[in-house]
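Think of it as A, B, C and D in the order they're written, each chain with its own count starting at 1.
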């Protein structure tokens, strides 16, 4: 479905990605892990067109979407839940969700209310808070809005950038449960996570990014067994905590 | 260690450079003085006969900025005169070169320009500035650097206290105030409101009205200031106060701001029936046009330039006024204003003095102090103690009739 | 003239002035809402609007109801041009850069206005040339009433635009978070362009309603701008309802302080009020504390 | 950044020495005024560039300094140094009082508040006719004398030297402040206030100190100004001057002392450069222009008049152009430009070589 080939991206004058290649098949959940500054968020931005790459190609199905403007990328079915949520803080929850469907507002107006109801079914808490300003919500609720907003775009591929960051464990569980359900219903996921345990629990395949390059890749089980991965990302006390 | 030594060395070098330059400066200054002396000698030897070498006269006007309606006609006038004078053979054969600069109504700029004219362009005298505030900014400076300044601004403070090097051509504010107050006295008006623009011209005008009001038995019941940026609404508010006081018999509006047109209009709108007096700042037909019907009947004191054609043939100024008016109007296709006249007078006074005394600055000053000149502002009679040279009779009471200026019939 | 009729007279003068300020402030708010920029050239839009209207009506003899929309459209174009040439080329503007560049823009536009329309004040005939209403001793011009009606209509239209339409919300979203707005598929660039056009058009309306029976000169821009800032900030930056209230408040405060206190220190008094609001409640009189916390003061 | 860099000082000294000896008197006069502005903008650079606090009201402090000293020395016969102390003290006190509430604001709100403050001061100076002379200003302030020499005499060459030595001293001072521990804290404010606070730096106290310091420097410049020409008017407090000060810092590259210095000198000389274009007259134009345009003398005169008024416009344009094309300031901007140019030249040459080879 998504095919990234030897992608290089600069941040200002600094090259952050050095020829990254990866692919995601339809209906799959793929995890992307790596240390801070490895280029995960940059990769997300390159795919969505926020940060046009310098070299390489990005293909969605058979179409080349390299360096396409974000507004066109989202029309082709890729939505991103950005790092740090990036809500419209002084707009209401409902307005935030509605803006998620901005690109199909004119064409699909009749459908929007149904879609909104669906989001409220997924996150009942948001329905209670629909008229509240998004910036006044708790972190977990904000993340729900962010995910809900991305879903309002009716994406075929959902990119998630650190959805668990700074959230309480119960909330993380709730959100990941929702993501799991969505994936089972056929949504393709590309998940960036610092919390490798979570990522590996959700995904079937994973890529490990190191200083802008793909260091390792493969099925999650294989990577779990890899000593490097264990040492670098799962932590020393991993075994004790996990089992 | 090395770093410290380098720093010290650097500082020492800097000090040495300063010290060296101090010494060097004195030498340079001496050289400079010698140079100018040599130039002077050459000039003296050749005398005024050196054809082709232009005599430089400086001019500073507010061509742009808030007071541009003063500076623009002044600049046009001076450039027109320059051509006329040069076409007629210049001064004793040497052409004049009038260097006009724009001070944008800003005092700091005026100071810079005065310096530029004296030290860079080396002019023999300066005319302008257009605004009183700007003139005050260089009054001391002109005295210090011993160069004649003939201001085209009105404020009394320019020539009082007297600076030996500073003159002015517009009629004194106090004459205007006294004319207006006299007219009021004749009309039996005893209680008035004074509106004024909160800038140099208006502030000075208020001062003069206050100084002479009692002499004419006129009581100032209200002093109402408005800012240069005053809106219609602001003026409406002030005039509402005028309207509220039924005992007021007249109002003076003293300013050079656009409010000269707005005040009469607002008075008409609000149904205020008392007569309106304005200052000599009203001497530009554009204000009458902007005020429309409401301008009719306004009384003000001004130079006779505005009514040049209506003057009796025996009037000594008539020829000067008509000539200037016709030349200006045919050339620039716009009506003449008294402000251009002030510059006209200033330039001619300087030119006449140079004709008589040559290009020595002190000689020019002395020549002006003992000169008479029939100009647009009146008949100037300068003395070492009177640097304006005009009397009360330089002004006439004027009014607006059917949208144009006319002498007020007593 | 009784005290009561003075008060009535002052009230209408104040409202007429306030109406103009509201329109300038709303223009500021729109750009602020879309970009987070305070446009220091906003006052110049009003001046341009006024001058274009004057040219159309007085020099070319086009009737006012026709000239008005033409003026508004022309200013929308100028606003868009201003954005394209001065704002859009900036890659990563900081607040200071934006402040300076819009100030540069205002100086530039002032120069252009002077070049085109000259330095003398120019006037515009009143829209409704009928004898004014006399009420007690006060005189109320028809044009004043027209101003109030126009302001009310514009405010209502803007409220509807920002609260009820998705484009309006998208505009607000752009100011909140540019990157997220991009991710929503909002064409941020076009929205910002639209906001400048809209804002300039509002400036034109402000200039046009200010001028009839009055006059305009090229140096008025900073005055409009300053009053616009006062109103926008006292009402709470970006808050349209607040701007309306603050505009009325400032307009009245200004006339009453000039009428009953000192006309000389009116400027200082009104600005002191601005500082007071900034120090005590920077979110403005209507600003909600929770919104304030979400913004960067 | 961390070490004292003496090189620019050496260049400055040599330049000044050269100008002092060989410069034309009028040039020195212009540079004297520019030097006064430099003293203001060095303080502003610390405030805007390093502490990240915009102020569009610094002309107010400049005017407060000038007026205080003028009023005291002229009306009350206070000696010059007394005028100086009072001018700086009053300005600092006002800055302190106004700074406490103002500096709590950020971004546009700070800009607005300082702008409001500046206009208030202007309007007070302008309207208090009895006290400040209103629009006519105050004239007759005694000239600055040092060791019995009247510095303003002879067109003020010694004033030039004195002002620029002051500028150098303030540059040293500012450099030291930036390199000191508080200075590094200052820069952290610009970068990240929360982080600075977390690191135990009292950011608001620093901001206030810098604000007061810059106000004091502006007042000092105002003092130098009023005792140079003996005159001060309300225009010295005008909004436009405040704007120009900020523009100077911005064109200089915000957090760049030497850039600010250069930008200040350039921008204060700018009107002078523009003025040079003003001396065109209708008669000077060659005949073919008259003939080919088919215009009368009057029309041509009008046309020229129009173009001579362009300087306001050009000033605005320059600000915009600088902000767009050299947001990093005049120094870094020029360097970057050359680098890009060099890269392009190299690229072109490289291509040529490739094509030659093939």
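Going forward, a residue touches a chain if its C-beta (ideal position, glycine included) is under 8 Å from a C-beta of that chain, and two chains touch if they have at least 3 such contacts.
Only a predicted model underlies this, so the values are computations on that prediction, with no experimental measurement involved.
A.B. asks: Chain by chain, through touching neighbours only, how many steps does the shortest route from subunit A to subunit B take?
C.D. replies: 2
A.B. asks: Need the graph distance between subunit A and subunit D over the touch network, please.
C.D. replies: Steps on the shortest route: 2.
A.B. asks: With centres defined by CA atoms only, which chain is the most remote from subunit A?
C.D. replies: When every chain centre is compared against subunit A, the largest gap points to B.
A.B. asks: Just how far, in Å, is the C-alpha centre of subunit D from the one of subunit C?
C.D. replies: Each chain reduced to its C-alpha mean, subunit C and subunit D end up 31 Å apart.
A.B. asks: Hey, how far is the Cα centre of subunit A from the one of subunit C, in Å?
C.D. replies: Averaging C-alpha atoms per chain gives centres 42 Å apart.
A.B. asks: So what's the Cα centroid distance for subunit B and subunit C, whole Å?
C.D. replies: Roughly 37 Å, centre to centre.
A.B. asks: Return the residues of subunit C touching two or more other chains; collapse runs of consecutive numbers into ranges.
C.D. replies: In subunit C, residues 114, 264, 267 touch at least two other chains, as defined above.
A.B. asks: Which residues of subunit D are in contact with two or more other chains?
C.D. replies: Answer for subunit D, listing residues that touch two or more other chains: 123, 127, 309, 311-312.
A.B. asks: Could you tell me which residues belong to subunit A and also touch two or more other chains?
C.D. replies: As it turns out, subunit A has no residue touching two or more other chains.
A.B. asks: Name the touching chain pairs, would you?
C.D. replies: A-C, B-C, B-D, C-D
A.B. asks: Write out the stretch or stretches of subunit C touching subunit A in their complex.
C.D. replies: It comes out as residues 166, 169-170, 172-173, 176-177, 179-187, 290-291, 293-295.
A.B. asks: How about subunit C: which of its residues touch subunit D in the complex?
C.D. replies: On the subunit C side, the touching residues are 32, 38, 85-86, 89-93, 95-97, 99-101, 103-112, 114-115, 222, 226, 229-230, 233, 237, 264-265, 267-268, 271-272, 274-275, 278-279, 282, 296-297.
A.B. asks: Where on subunit B is subunit D touching in the complex?
C.D. replies: For subunit B paired with subunit D, touching residues are 3, 6-7, 10-11, 13-14, 17-18, 20-22, 24-25, 27-29, 32, 63-64, 75-76, 79, 83, 99-102, 104, 106-109, 111-112, 115-116, 119-120, 132-133, 136-141, 144-145, 155, 157, 198-201, 203-204, 225, 227, 331-333.
A.B. asks: Can you name the residues of subunit D that touch subunit B in the complex?
C.D. replies: Residues of subunit D touching subunit B: 3-4, 6-7, 9-10, 13-14, 16-18, 20-22, 24-26, 29-30, 33, 123, 126-127, 129, 134-137, 139-140, 152, 154-155, 157, 161, 165, 168, 229-231, 233-236, 271-272, 275, 278-279, 281, 283, 297-298, 301-302, 305, 308-309, 311-312.
A.B. asks: In the complex formed with subunit B, which residues of subunit C make contact?
C.D. replies: 1, 6, 9-10, 13-14, 16-17, 114, 119-123, 132, 137, 139, 141, 210, 213-215, 217, 219-220, 223, 251, 254-255, 258-259, 263-264, 266-267
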